[in-house]
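Scroll down for the structure; my scribbles are underneath it.
By written order: A, B, C, D and E. Residues from 1 in each chain.
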């Protein structure tokens, strides 16, 4: 469904509310490191079971995969890209030369070479490729031709030696490196498997081939996954002997943590307090990269023409949107529904991200019902028929039709309801419609009738480019907000001619853009959340920052 | 006997066809691409969709579509899961053993408990013990299985730590070994208990009442009159008669197991067909959903068949041929 | 044992005792059953409270009160408040309204459909019977919960709400009753009084209405109690799983689904224990009433 | 009933049954097709004259009740005709059929099952009247019913009671009252006393006799007890496996039974009058065959002590062997 | 009469003395059998007649110690079998006697056999209960027994189930079961009531044969006076839990003494003679809870009832001919104290 198009990042808002983004900041366990031991790692949602980093679709699957793979590059605590397996050099942000670490072994003993990466890129660009990652190779020169069958190979890829490879992108961009697919694929392992068959293959479902710190040794589908230490891991043998990833029900998280059945598990904010109170468990938090918002539908999108074709004026009035913003007590709301493990945001970029604008430069639409009322009065939204609710400036009945996705989680309904109540308190009649979550984003995408104001969430990837969500010619620009200035700023931010290779310059442009959105309010930005893990005190060596955790080979069990 | 079974099996075909038609129309009523999971839901390119629709035959007349679907289905081609992106048949093959195991275990539990309690209560009706068992059963009947399941996890897994609260097996043991089986039993016990408890209460009461009924029958008097010891009368003459209706419940049990599995498996995160069904509903995984629905109906049908056949086998008064 | 009061024409000395219809006898017998009576009283009080809920309290039950979330029981909120700051006690009353309403409506519709189909099939026999029974078998072959969920999944989003739930449940649930009524009619039909009714010139519809149905009714009533309990459980289970009553409508099942949140399950029992207890007690009560009714109608007591 | 009366009545045949057959289909096989038939009644002929009582005896399952019910059209006979007052009633439908039931009524065997437990006795007895005479209601109807109740020996307050408050004999009286309510001409009494104790049985038998005189009734009296039938009837028909074996005046049938089955039947009846003298019983071998596949030829030949080869081939027809005595047996060809 | 001779060495086979059997109905005990005494001599057939509900079955179940547990119990009196008191024997002891020395057959051949076991199995069981026999021996014996009761295909019947047999056959099986251990006393509780006359004749013939062959005593319970007259040596007439008359069969039928017996005989139509009217007894046997406390229990139905009949309880006493009757019409039945008063 809706995805910001970034490789490592995934569905940011789904029924189980995983926000599988990586972040920053840390927490350290103390105690004596110990060799060996088994770590029980839990995921509280059902994985789809695609154990292939090139194909997986949900964050849950990646939580399993992460133990066995090792990306070519990694991100530091500022989300700045760093060499890992590979280092790179470029002159012009168009042609890159990558140099691989030598002597890295695949789990089956094969040596990792640039051929494996080439193989990965070719697979992703193959016309038969069924996974969602074509976008990560699309920018390589010749990838499109390869995919369309016009070429036998991707012209932009040039193997120099076993450890050196040159990649040419179709044009210079600031984010070419951030975007390009950064996992190799063991060519000999996949020998004999057609690209079209990879997804269904046993090799995808029952086993995994990586270079990471742990080897997958056993799979009980949908239930548990067993990893053993990769003693040949190039950064050093893992301290743990084994990692077992268990799928557990959300209900069981607390109990399982408490009685030590699992050592490590992502925790929903509402459970934070309970985990915090546990004696045997540390609550680890780090800033997340996801945010919630209330969007307005300003029009309808024509996917063929790639443009917004119809206008909806109901919420065109900025004063109205501002009033609605002021009416919401975001602090109270976050406290109530996320137990405080979150904070307000004033623009569609989580504050932990390096492109986040200086918060002082943004308007903070603080909770101020009086102001909301006076804004509404000024804008002509007055109660003319004394039914307790305001009518629109024409004296017609005005009802905010608010949509929220539903699942079995009953808090969704109440948090959505709470928002409508805020509006009603300032005299705006609001009606809530809960829409089955499996249909929700589909409806948003199709601009379904009846959805006017809607609740949504999104995660930002390590590549901060938000074009896919905001440019007026993008399907995923759900608000159908068309603003030339915004479009221009977004283009500028990735235009090498404008920002060059200077991160600061880029950040500045994004800052401008955030200010614009903070002024124009095509959305009401509500909250960003923290990522929370419950980690048993016996586990040591785990560090988290905004980019996620450190490599599991450093984790250990202590007494 | 064989002839009868064959005939009944043949007789199931029209029923299955009808059910499959209903399921087919349900599938048509569902939004999206119910049958194959082939259309990539992320791809919204209308051309692509149209092309796929044509390729997959969605533009054919309904009866042709049905024919294609059902012939595929009969040959084991259930389409491809939207959520898991593998053939539904593989998915079913993964989950079915677990559900079977859970079902069998819960049946064993049901029958063991029901026999023990029912016979005790039926033999000494209106005593304290009988009232106790009766009261217990009323409670069991009144507690919905999902409440029981939540309680069981809360109490046995978290408070006491006796049983695991999820999964079907400990991954650390090797498949096929004794340990592996033990681990399976260990993991399945709690959900099986909850699932089995539903049946236990009604079976116990049924057995008790039937034993009391039968102990007033003329043939019991006959047995006594010929000097048969009391224990033999109960364990033999009465029990045999009371067990007959109970055994035939076995067929109907399959039906309630299907219903029960939905809830229990979901609560215990037990990877079986019931849980798969619910996830597939939630994820609008229509191919899986359709397959399971049809499969469950099939199980019900088979259950009824088994009930009839068992009846013929265990009760000499019923002659089937 | 046959009840044979001394009714000799010769001995007119004794004053004739008040004669009682089988209904009256059953009623009296039922009234003597303490457990059943207590259950009945409980159920009636519960029903009255639930149906009067809107008059008892004027609280807006759908309102989320952020300031009052997750409060433990107190004098202000007898059963505390839930995760949305709604008063659990008030929701319990409203929940009862929905749960009982769904239970009763489903039971009624199912009985209505089942009795009609069963009675027609049983009485007329032959082709009509085989056709209707094939159809009944057909309906019975759908695993109940599975199809309710599938149908709900299809219908939700189009036409949501309690009505759909009731409709779907009823549509899938009548098979058992039809079968039961049919077999009961078949066995009752063997009784000579039915032949007698025909032989004295009764028309078929009269024979069904006046002679067969009243005698089948006892079975139907007993079945109704079982159904009622089952339907309440079905509603709550479906709601618990998220396929029942829409979430914003309080029902016992919806309230119980809060226990799916671990923090509620472990730390806020006041949110889910009351609906659980009420639900269990209600089912218990209905079962006891059912037993009482069955006892009271036990054919050994009259005829 | 005096002899002269009887003679006068004998001229008029109230009911004539000709070759009546009632076969119940046996379903089976894959498609529930009819694969056979229970030949419950297989060609029964007799007649009843006005005012007389014809007794029908036979062992259980021989088709007595089925015959009775077919006459009243509670069952639709497979074949044959039933002439009531000369009119064939086997093909009647709708209103005509209902009308005929005003004239033929039935008293049933089981005093417990033949009364609707949910109805008051008053309703039970008045229902037939209400069925046919919509205009009669209220006090008038009630008085009429009360009268009927007293007539069959029930207290008037029975009107407001329910069947369960009565003993077996009294219930049978209620059943009789119901049958009488329409003032029928013919009453088919299907084992009206076999469920009753001797002392009560005699009350009911006496009552039936009294009523016959009073209401000028004709009875088809069905029973399996020969002495009871003999006590009640003028003529007796002996049935075996759906066939009438012998019909004759009760005196002649008892004095000189012609059919071997009748002979066996009569000799089998234990009789207190024969105390002391050890008499020769004719004890039949074996059991009554199933009506689903009755023996070929004479249905009795499998158990008949006098069976000949011929008997298994030819089915004997009912023939007047002696004046007034009809027998279906090849011995008398 | 044999039993009138007081022979010290020669105890009667069965002696029932002052037997009172009660059922508890709504917490109160009511006597269904109220002070019944009689003897059964070796090799004799004693008939017990009476209307339905007069306690015939309860009496016989009391003898067998087969009363429904918890509801019915013997309150008083004793049952001596060959001089040994059966009263108070525990189940284990009693089981040694049941089926071996005393056996019983019941009215309903349709339900008296266990439907889920084969005929052979059920017959073998009684043998195993009392003898040590190998499987094969038992089976041979069973086939023999079945042939003995006139079942022709005995070797095949053993493997059949009860529902495959007709009523008469089943009753034969029951008889075979009852005589399997050659008991000294057979209690037959309305063994032919459910059967057709022709089959009844077969069964009666069979019982008489066996009785002669085995020199068995039979208590023959029935409500059919005709059957009694043809089979029994002695007759006991019961009414409402008490014996009202007892004598040998000839005398009873030629000169019944008790008004109840008289009426009973007058009420049955007979083949031999033509009556215009049958005798009737108004009313019905009072139910247990409505039994009069004192006086003759038949008084309210008795056409010959006198005033004292409702206050004075008649006792069963022999007249000079050895004809026992309990009716105040006869001097002997008046209890002495009452006479004195």
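Everything below uses one rule, namely that a contact is a pair of C-beta atoms (placed from the backbone, for glycine too) under 8 Å apart; a residue touches a chain by one contact, two chains touch by 3 or more.
The model shown is predicted, which means the values in this text are computed figures rather than measured ones.
Q: Hopping along touching chains only, can you work out the least number of steps from subunit B to subunit E?
A: The least step count works out to 1.
Q: Considering only chains that satisfy the touch condition with subunit C, which of them also satisfy it with subunit E?
A: B, D
Q: Which chain pair shares more contacting C-beta pairs: D-E, or A-C?
A: Result: the pair with more contacts is D-E.
Q: By CA centroid distance, what chain is farthest from subunit D?
A: It is A.
Q: Once you find the CA centre of subunit C and the CA centre of subunit D, what distance in Å lies between them?
A: Using C-alpha averages as centres, the distance is 47 Å.
Q: Centroid of subunit B to centroid of subunit D, CA atoms only: how many Å?
A: Computed value for the inter-centroid distance: 54 Å.
Q: Hey, how far is the Cα centre of subunit B from the one of subunit C, in Å?
A: 25
Q: Averaged over CA atoms, how far is the centre of subunit A from the centre of subunit B? Could you give it in whole Å?
A: The computed centroid separation for subunit A versus subunit B comes out at 40 Å.
Q: Where in subunit C do residues touch at least two different other chains?
A: In subunit C, the residues touching two or more other chains are 2, 4, 9, 241-242, 259, 265-266.
Q: Could you say which residues in subunit E touch two or more other chains, in rising order?
A: 282, 284
Q: I need the residues of subunit B touching at least two other chains; which ones are they?
A: 150, 154, 158, 282, 284
Q: Which residues, counting only subunit B, touch subunit A once they are in their complex?
A: It comes out as residues 31, 40-42, 44-46, 83-87, 94-95, 150, 153-154, 157-158, 161, 164-169, 171-172, 267-269, 271, 279, 282-284.
Q: Using the touch definition from the top, list the residues of subunit C that touch subunit B in their complex.
A: Residues in contact with subunit B: 137-138, 140-147, 149-151, 153-154, 229, 233, 236-237, 240-243, 256, 259, 265-266, 276, 279-281, 283-284, 287-288.
Q: Give every residue of subunit E touching subunit B within the complex, in rising order.
A: 64, 66, 68, 70, 91-92, 94-100, 103-104, 106, 108, 111-118, 125-126, 129-130, 161, 163, 174, 177-178, 180
Q: Under the touch definition given earlier, write down the residues of subunit D that touch subunit E in their complex.
A: 59-60, 167, 169, 197-203, 205-206, 209, 224-228, 230-232, 254, 264-276, 281, 283-284, 287-288
Q: Residues of subunit B touching subunit C in their complex?
A: 15, 18-19, 22, 26, 29-30, 138-139, 141-147, 150, 154, 158, 255, 258-259, 262-263, 266, 277-278, 281-282, 284, 289, 292-293, 296-297, 299-301, 304
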